[in-house]
Amino acid sequence: MEKAGKFNRYIFAVIVLYVSWILLTATFRKDELIVGLIVSLLVAIGTYDYLSEYGLRHLYPKRLWYLAIYIPYYLWEMILANFDMAYRVLAPSMPIKPGIVEVHTDLKTDTGKLALANSITLTPGTLTMDVKDDTLLVHWIYVKEETVEGATREIGGRFEKFLKEIFG
Amino acid sequence: MIYYVGAFLLIAIGLYAIIIKKNLIKILIGLDLIASGTNLLIVSIGYVKGGTAPIFSKGNILAKMMVDPVPQALTLTAIVIGASELALAAAFVVILYRHYGTLDIKKIRSLRW
Amino acid sequence: MIYASWLLIIAMIVLAILSIEFKDLIAAVVAMGAVSLIISLLFLFLQAPDVAMAEASIGAALTMAIYIIVVRKTERREK
Amino acid sequence: MSILNWIYLIIVSVGIILAVVRMIAGPDLTNRVIGLDVLTTITIALFVFFAMIFQRYIYIDVALVYGLLAFIGVLVIARFIERGF
Amino acid sequence: MIRKITYGIFLGIIVLSLVLFFVAFPFGKNKMAVGKYYLKNDIKQTGAANVVTAVTLDYRGFDTLGEVTVLFAAAAGVAILFYVLEEDKKKRERQVYPNFIVRVGSRIIFPFILLFGSYIFIHGHLTPGGGFQGGSIIASGFLLLYLAYPGERVNRNKLSIVEGLAGITFAGLGLWGLFTQGNSFLFNFLPKGQLNMIFSAGILPIIYIAIGFKVASEFAGIVDDMMCEAVCSGGEK
Amino acid sequence: MIKMIIGYFLLYFGAAFLFLGAFGLIRLPDLYTRMQASTKSTTLGALSSVLGVGVLYPQWFVKCLVVALFILLTAPVSSSALMRAGYRTGVPLDKRTVVDKGKEFFGEGEKEETK
């Protein structure tokens, strides 16, 4: 996917910042909306280059739909992760078998890789340490598969099919 | 009650660092602790039992149940000034280190007492 | 709820003593950051949200960064 | 009502004590920094909780500041340990 | 030995003053003298919902101007001290670049920090916060950029232009009130508006926005000065 | 009433995980496993207690959601940076560790000396 044009990215930044302004003020009063529009137009001038590379293409309806499915799944995985962690911390024998493994990913975009890394960090027993090109270095508290293919299937596979749709 | 004791203990610990310690960065940390203790002391003088913050937001917040706004206004600016003063002192520490090659104030001649 | 502040003040004093007794200066700075965090919570107890926010925005990142830059430009251990 | 809040506070206070213990005992610097990280997250939850206790909506803004800025402090120390900057 | 004796004397003074504090200022009692007046007349005279903002900018606005000057002097002092410093002769050790998550993550978080800082200082007269807090939040955002992208610097010329404009706005509004309207510095000449709306409290929001820009650029300048030597020297990749 | 039950359930759920994160900090053997416990548990704990307050006072819900979003966005960044810093300065792994691929990932020569 090639980079979007400047204007495209600027409009995307304004939309994102305006939505977060409305969330911050938590109201629909007319004066707050006007001030928010001015502020997000001004802030976006300086920061549209940082926020995204692909602009409005992030907002295709299909991607938003997959995002809406992905978030509850992610929260559910997070809760499972914590019960898993609670079992490992509280059990008297402490069933841990830690190790550092590599995980391969097919995602191409920076944002997609970041989302994958964050998902891995907050889900059962794994924590991302670094990303280089298309390899993730992951610390795993209970190693089941030591090979790259096995670890990829075990750790990253669940999220990747969603994230490929969302971030392309 | 306990706030006064805590603030004075912070000031005492900071003073200990300034007087007894010989490392310049430890002295900076002591300075910062004294500043924090003083801020805590000033704000706790203005506290009124059962009071609330001096902001007339929505809802029935009346003037007679508010705490004193004047110490808060003083402290608000003191914190920002404290940070910039810390940066200035830090710059002096770096320059002293470049000149003498040590942070020990016993070896820096003019600071011994 | 005012009794909740006892524990916080004791923790604050312990962290302040640690911050001047650690030989590793970076560890001292970390303890100093924790002291700033707890003081910010105490300002909220004293009904001063403005001051708590000033302490939060200064103490969370800027003060720590200034100390650490100074330590990086000089030396890390106190002898 | 009040007793429920007290129990919450006691559980969280034990968390604070344990984090401070890790800051005292940590064998090296990185362990102490994790203690600071845990302390910060607990404090964010406490800020929102005390906004509820004092019944003031506007106090939540302070928790927002810590939620957005707390990780910069940890990042500074991590970059220092790596000999970064 | 002399140090310990000195510390003992100081400790005695501290304990004595603690006892005096308990007697003179009992904790939790209502001891207000001026505070009562400010609380009673705040809505009528300034129209700001946040009384602390009213005290800082309106009743004691002149002090705040002096204090912003102190801030400027400190920033200038740091700049001068690092300017006269000769270049470090020691060989700098190899630089390690930040990892992928820090780089991409801080690129995404930075716009939100700027937006949140603006939210804080625009709403200074309604909610807790204001120019000082918002300015230091924005400066922390610049610090984050320095950490994630070593080797890039902010533009100092733009920074000093912003700083100067903010200072001129503050002083100019004060002088405008002094010469045209009432006869006091920082006279609040705009309409008060309705309580708890964003366009209220006259000139106070404008002054707080100016202070926010000024504090943000001062602290960003301090961070830039202090990190310069560590950052500018580059490193290998 | 149902609002109160859900709200306090979320608050206590959060408190339990905040406590658990701090407890794992004490009990687990080395830096990396401690960091797993602290990052995951305290993030979910803070999230859950903040949302619990939001459920108890529905008019505050949006702002509590913003706090939760900020926590979710920033927690993994600092933990990954700190963990990589610890690994590269040679903080020892626990003796139960079975596999360590970090050396070939970073390359042998790049490991920094600790002071």
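Per-chain numbering from 1; labels A, B, C, D, E and F assigned in written order.
Here is the rule we go by: a contact is a pair of C-beta atoms (placed from the backbone, for glycine too) under 8 Å apart; a residue touches a chain by one contact, two chains touch by 3 or more.
Treat the numbers as computed from the prediction; the structure is a model and nothing was measured.
**Student:** To reach chain F from chain E by way of touching chains, what is the minimum number of steps?
**Tutor:** The fewest touching-chain steps linking chain E to chain F number 1.
**Student:** Which chains are in contact with both chain A and chain D?
**Tutor:** Touching chain A and chain D alike, sorted by label: E, F.
**Student:** Take the average of all CA coordinates in chain D, do the same for chain E, and state the distance between these two points in whole angstrom.
**Tutor:** Taking the mean C-alpha position of each chain, the two centres sit 24 Å apart.
**Student:** Rounded to the nearest whole Å, what is the centre-to-centre distance of chain A and chain B, using the mean of the C-alpha atoms as each centre?
**Tutor:** 40
**Student:** Using mean CA coordinates as chain centres, what's the chain B-chain F distance in Å?
**Tutor:** 31
**Student:** Express in whole angstrom the distance between the two chain centres, defined as the mean CA positions of chain C and chain E.
**Tutor:** 19
**Student:** Any chance you could list the residues of chain F touching two or more other chains?
**Tutor:** 23, 35, 39, 43, 63, 66, 70, 74-77, 79-81, 84, 88, 112
**Student:** Give the residues of chain A that touch two or more other chains, as numbers and ranges in rising order.
**Tutor:** 20, 24, 117-118, 128-130, 132
**Student:** Identify all positions of chain E at which a residue touches two or more other chains, and write them in rising order.
**Tutor:** In chain E, 50, 52, 96, 98-99, 101-102, 105, 108-109, 112, 116, 120, 127-130, 132-133, 136-137, 140, 143-144, 219, 222, 226-227, 230 touch at least two other chains.
**Student:** With chains as vertices and touches as edges, which is it: line, ring, star, complete or other?
**Tutor:** other
**Student:** If you go through all the chains, which pairs of them touch?
**Tutor:** A-E, A-F, B-C, B-D, B-E, C-D, C-E, D-E, D-F, E-F
**Student:** So in the complex, which bits of chain D are touching chain B?
**Tutor:** Residue positions touching the partner: 54, 56-59.
**Student:** Given the complex with chain D, which residues does chain E contribute to the contact?
**Tutor:** Against chain D, chain E makes touches at 93-98, 102, 109, 112-113, 116, 120, 127-129, 133, 137, 140, 143-144, 147, 150, 227, 230-231.
**Student:** Mind pulling up the chain A residues that touch chain E in the complex?
**Tutor:** Counting only chain A, the residues touching chain E are 13, 16-17, 20-21, 24-25, 29, 31-32, 35, 39-40, 42-44, 46-47, 50-51, 110-111, 113-114, 117-118, 128-132.
**Student:** Would you tell me which residues of chain D are touching chain C in their complex?
**Tutor:** Going through chain D, the ones touching chain C are 5, 9, 13, 16-17, 20, 23-24, 29, 32-33, 35-36, 39-40, 43, 46-47, 50, 53-54, 56, 58-59, 61-62, 65-66, 69-70, 72-73, 76-77, 80, 85.
**Student:** Flag every residue of chain C that touches chain D in the complex, lowest number first.
**Tutor:** Per the touch definition, chain C meets chain D at residues 1, 4, 7-8, 11, 14-15, 18, 24, 26-27, 29-31, 33-34, 37-38, 40-41, 44-45, 47, 49, 52-53, 56-57, 60-61, 64-65, 68-69, 71-72.
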